[in-house]
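You will see two complexes here that share chain A, one where it goes with chain B and one where it goes with chain C.
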Partner chain A sequence: MGRYTIRRLLQLIPVLLGTTFLINFMVWQLPGGNPFANRCGDRPCPEAFVAAMTEQFGLNDPFWLQYLKYLTNVLQGNLGVNFNQVPVIDLIKLAYPTTIKLALLAVAIEAVVGIGLGVISGLKKGGFFDSSITIFTLFLLSLPVFVTGFTLQWILGIQLGIINPTVSAGAPWSELIVPAIVLASLNMAFTTRLTRTSIVENFRADYVRTAVAKGLPRRRVVGIHLLRNSAIPVVTFLGTEIGALMGGAIVTEGIFNITGIGGLLFGSIGRRDYTVVVPVATLLVVVYLLANLLVDLLYGVLDPRIRYE
Partner chain B sequence: MTKAVTEPVSSGDRPYSGSLLEVEDLQVEFRTQAGVAKAVNGVTYSVDAGETLAVLGESGSGKSVTAQTIMGILDMPPGVVRGGRIRFRGVDLLTMPEAERRKIRGEGISMIFQDALSALNPLFPVGWQIGEMFRVHRGLSKKQAYAKAVELMDRVRIPAAKQRLRDFPHQFSGGMRQRIMIAMAIALDPEVLIADEPTTALDVTVQAQIMDLLAELQRESNMALILITHDLGVVADVAHKIAVMYGGRIVEQASVFDLYAKPAHPYTKGLLDSIPRVDQKGQDLFAIKGIPPNLLHMPSGCAFHPRCVFKRDNCTTDVPALLTVEGPRRSACHYSREVLDGVAG
Partner chain C sequence: MSDPVTIQTAGVAAGGEVQETTAPGSGKPRSLWQDAWAELRKQPLFWISLALLAVFIVMAIFPQLFTGKDPAFAELRRSLEPPSAAAWFGYDLQGRDVYARTIYGARASVVVGVLTTVLAVLVGVIMGVIGGFAGGWVDSLTSRIGEIFIGVPYLLGAILILSTVAPAQENPGAVLITAVVIIVLSVLSWPIVARIARSSLLSVKHADYVLAARALGASPGRIIFRHLLPNSLAPIIVVATISMGSYISAEATLSFLGVGLRAPVISWGIAIADHTDYLRTALHAMLFPSIFLSVCVLAFVMLGDAVRSALDPKLR
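Moving on, here comes the complex of A and B:
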């Protein structure tokens, strides 16, 4: 497995070169308007300012040189400053812990609630509980995140006053619970269905029949033989979900005024501050690739039939 | 091998009563959307310690369903036990509370399945799966259970058992996997072992090895063996008596010798006639005409009548009972006497 991991990590290099090149090219080279045009209020920016900025960010250099400089800087851990001269690394440090907290909470909710409901639903297939869960998950799956978000914010935050309608600075865990529920709702429903399907499918499997024939108690048949096998697709799904959620949640962050990485990226695109867009996008690519690698390795750990060499 | 449990109640000279395991008038059906499929229609058989009963029949004859009902692993729903009794050491399993019945599984009655690859859990090492029997039923520690697993793997002759203890099922060959399945089934010295098509998924040389192993284990521990198969060749050497099933009923019951020498039911006769023989090389192989009965729409009268060469008028209306023909042998045919004597047809 160690050699496989190293090979996979080495494979990341060409992927990262390709993606960073594409990100840089699309952001800086494709016509998107002058990034300095709207930075001076209602009036056009003074020529001197534009010239100085263009000079500072090396926009007169040929593209390949810009990309090379970017690569050198990133490899040295230097993400540069944004158009307001704030170091980009500081912006990320401010936003990313919140995103990680929110993502972990959301995945935890998806795992606990999704797997829990899915297992019960699958074991009681066709019963009242199962049917209710099917309707409930269908309901959740058909609700867009912003509807769930605004509704919960209005009911819990404004009408009942149980929570703060928006998350305060520093984003304490307790205030992130409701946003995490909103963020998790869709894929929690999906996790429930995936778990249910997996349980129902494996319940009829020969090895479950064998486990019963061995005279094992039902809770052991279900808890060990059935669950371990049913968990494989669910755990791998949750793994990719961590990767996706680490990329920030623009809508949920927006509704609850959370300063996460999604909001940072979205705001920077709006302000045409490409100096932030490029490094943040690069970071998200790295995180996503690593999460995928983690899922593949996890798959090998969970299923002995899969061996990497 | 010493038994921890009481010896079976034997009632002397009556051949089919007071046996270790008795199936009596068992009726099982499957309720599906297409209708009710009568899979088992009044099956009666029994087996004693040290005895091998071969249950012979084609797919859908109800032989596996009967075994699954004995084991209590029938999928319910759609399966429903409509009637009958399954007595193990004189106690009816069908009316027993589930908790008690569970203790009999593995301890008293064990089962091995056709496809060991799917019947073993893919995610656990084989030693762990064998050892689980001891950990759950006997409360042994993990270490003790692994030691027992090695013993058993040696006993079913898996080479380098100790090294292979922590291997997974997919790392074994088909024959070795079936040996692991057998090791798991005999772990607690059961009194009855049900082998449901144990060699069907294996190639011919391995089939013989597995059958030899089963016969040997049976001699050593004096357990009763119910061998379910559709292969007449497999049973000839190991079985003591045979029950031939057709359409959810037993159509003939006899000792192996009697049955092979002179079948008393047209279906058995057809099966025996369709075995390839050296002296018929080059000639067309005999085949029973027609197809197995549709369990949703069983033929009236004798289920075999649409395919029977001995068919008369009353075969289409009257269901033949399983009656004694001669000595301990029984046949469910209106004309079993003629079939036996080779008169009719």
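Moving on, here comes the complex of A and C:
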């Protein structure tokens, strides 16, 4: 296990180097033109300003040197300042709590509703409830997130007036529930299906037959033997998706006007403030990769049958 | 981006198994493909999705069959007029007919969904086969390259690439805009196909019939195309059909965010994005494109579901 962990961590290094290089290259090299061109209102920027900014952000250096500087800065925990000289770390500190709240709520909804529905429909395979759940998940899977978002916003916020159509500043937990449902909807459907398949598959397993043959009460067979073993793929799926949720928050945050990391990233892309885009995107990638790694390691803990060499 | 491509590829995705069933002699036991086809034929979901897809594909190729109106014709005095007998779905912000624009919007979604799948499968299978067949450092290299592209969350990666590529284009035409979206989506999704192709190939690589072919002196090309690929195709087909719907959904999301398809192209995502500010006053302008988009994705998801349950023996 220890050796496997170390090997996986070492494998992460080239992937991280590759993704950060890719991000840096795309953001700084692909757009072309001068990123400071439209930064001074209606009049063109003074030469001295452009020269000073170009100098400050090292844009005259060759690209490999820029990337090397970026790497050393990030490794020292220095994310730099944006084009308005605000430290990027401050912007992230402002935005991150909201997004983490939103993601946690979404994962909680996914886990509770998804696993709950999946277990019930898996145990009653082929019944009316099972078929309705299958159709329900089918519909959830085919609704793009922004369609779900606008539908709920229109019905609950505008027609019925139960919720605020947009989330107020500070983002209290209660106002984040509906956006979290929207963010969770797609993965909730996946979780439900995964749980169902897992339950149906394990129901035929030898250990379940043994437990039934021993005369254990059904509650114990389901609760102890079946559920625990069926949870393994579901838990790993949920774990992987935490990382992806942070990226998916871009759309949800936009619809409900939440000032989180997704809004920060998307706004910075629109303003072409690449000094914010690169570190925030890097942060999201790191969270995503670490979540994946953690899940991989957890897999071995949850399922002793899996052995890493 | 010609239409025959659409028909052809959609036909392969939907009915590829049909041709397989007629190939082996009738005396032999049923092959996986015959089994799958028999299984598929019994599912109502499969036929419903096929019917829906047929409608969308006809809509994509011949939108004129459904509407006689010009989707680009705009009359500002009709801006945001609600649905009426003259215009079933009402008018949008520019005073264009929402019904006509929704019908014409099918083309972008179908083209993006189908071509992205084709491109992602093509690149993914080539990379997966190269890695799985060659093994050693080639395998490590292709796997690591794939991991870099999967390492970026899908939506984030697409937004980053598209928003940085877009400013570089001067007045692009509809074809170029669509092509860029297709390429970006497939660049980010080929590693998933490659991973599945590779593991599927590895599972049959040491089968007796492959060793026998090798012992008889078959060339690597013959082994790959005659033995390895046909026997590792099922999981690739499953993932290809399932992901087609998600590509359409992704395209709509990106267009909605303003980084995917743009103005000269008519797309459901753009129509929805253009009218988000009028949610309270003119719901119809975004309601109908949303419904069409969801039903189209639903059709592809249902097809993927049906194909998977037919090809995956574990689910039977």
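Note that in this section the second predicted complex is superposed on the first by the 300 of 309 C-alpha atoms of A that agree within 3 Å, B and C clash if a C-alpha of one lies under 4 Å from a C-alpha of the other, contacts with A are read in each partner's own complex, and residues count from 1 in each chain.
The criterion applied here is as follows: a contact is a pair of C-beta atoms (placed from the backbone, for glycine too) under 8 Å apart; a residue touches a chain by one contact, two chains touch by 3 or more.
Because the structure is a prediction, the values reported are computed rather than measured.
Trainee: Would you mind checking whether chain B and chain C clash or fit side by side on chain A after the superposition?
Mentor: fit
Trainee: Pick one for A:G300: touches chain B only (first), chain C only (second), both, or neither.
Mentor: Neither partner.
Trainee: Name the contact category of A:T210: first (chain B only), second (chain C only), both, or neither.
Mentor: So A:T210 only meets chain B here.
Trainee: When the two structures are overlaid on chain A, which partner does A:P97 contact: first (chain B), second (chain C), both, or neither?
Mentor: In the superposition, A:P97 contacts neither chain B nor chain C.
Trainee: Is A:A281 contacted by the first partner chain B, the second partner chain C, both or neither?
Mentor: In the superposed model, A:A281 contacts chain C only, not chain B.
Trainee: With both structures superposed on the shared chain, find the angle between the C-alpha centres of chain B and chain C as seen from the C-alpha centre of chain A, to the nearest 10 degrees.
Mentor: 80
Trainee: In the superposed model, does chain B or chain C contact more residues of chain A?
Mentor: Of chain B and chain C, more residues of chain A lie in contact with C.
Trainee: By how many Å are the closest C-alpha atoms of chain B and chain C apart after the superposition?
Mentor: 12
Trainee: Which chain A residues are contacted by chain C in one complex and by chain B in the other?
Mentor: Comparing the two interfaces on chain A, one with chain B and one with chain C, no residues are shared.
Trainee: So in the complex, the part of chain C that touches chain A is made up of which residues?
Mentor: Against chain A, the touching part of chain C is residues 144-145, 147-148, 151-156, 159-161, 163-165, 167-168, 245, 249, 252-253, 256-257, 259, 272, 276, 279-280, 283, 286, 290, 293-295, 297-298, 300-302, 305, 314-315.
Trainee: For the complex, which residues does chain B have touching chain A?
Mentor: Spelled out, the residues of chain B in touch with chain A are 71-73, 75, 102-107, 110-111, 113, 115, 118-124, 132-133, 136-137, 168, 170, 184.
Trainee: Can you name the residues of chain A that touch chain B in the complex?
Mentor: By the definition above, chain A touches chain B via 204-207, 209-217, 220, 225, 228-229, 302-305.
Trainee: Inside the complex, what are the residues of chain A that reach chain C?
Mentor: 14-16, 18-19, 22-23, 26-27, 30-33, 138-139, 141-147, 150-151, 153-154, 158, 197, 201, 243-244, 246-248, 250-251, 254-255, 265-266, 269-270, 272, 277, 281, 284-285, 288-289
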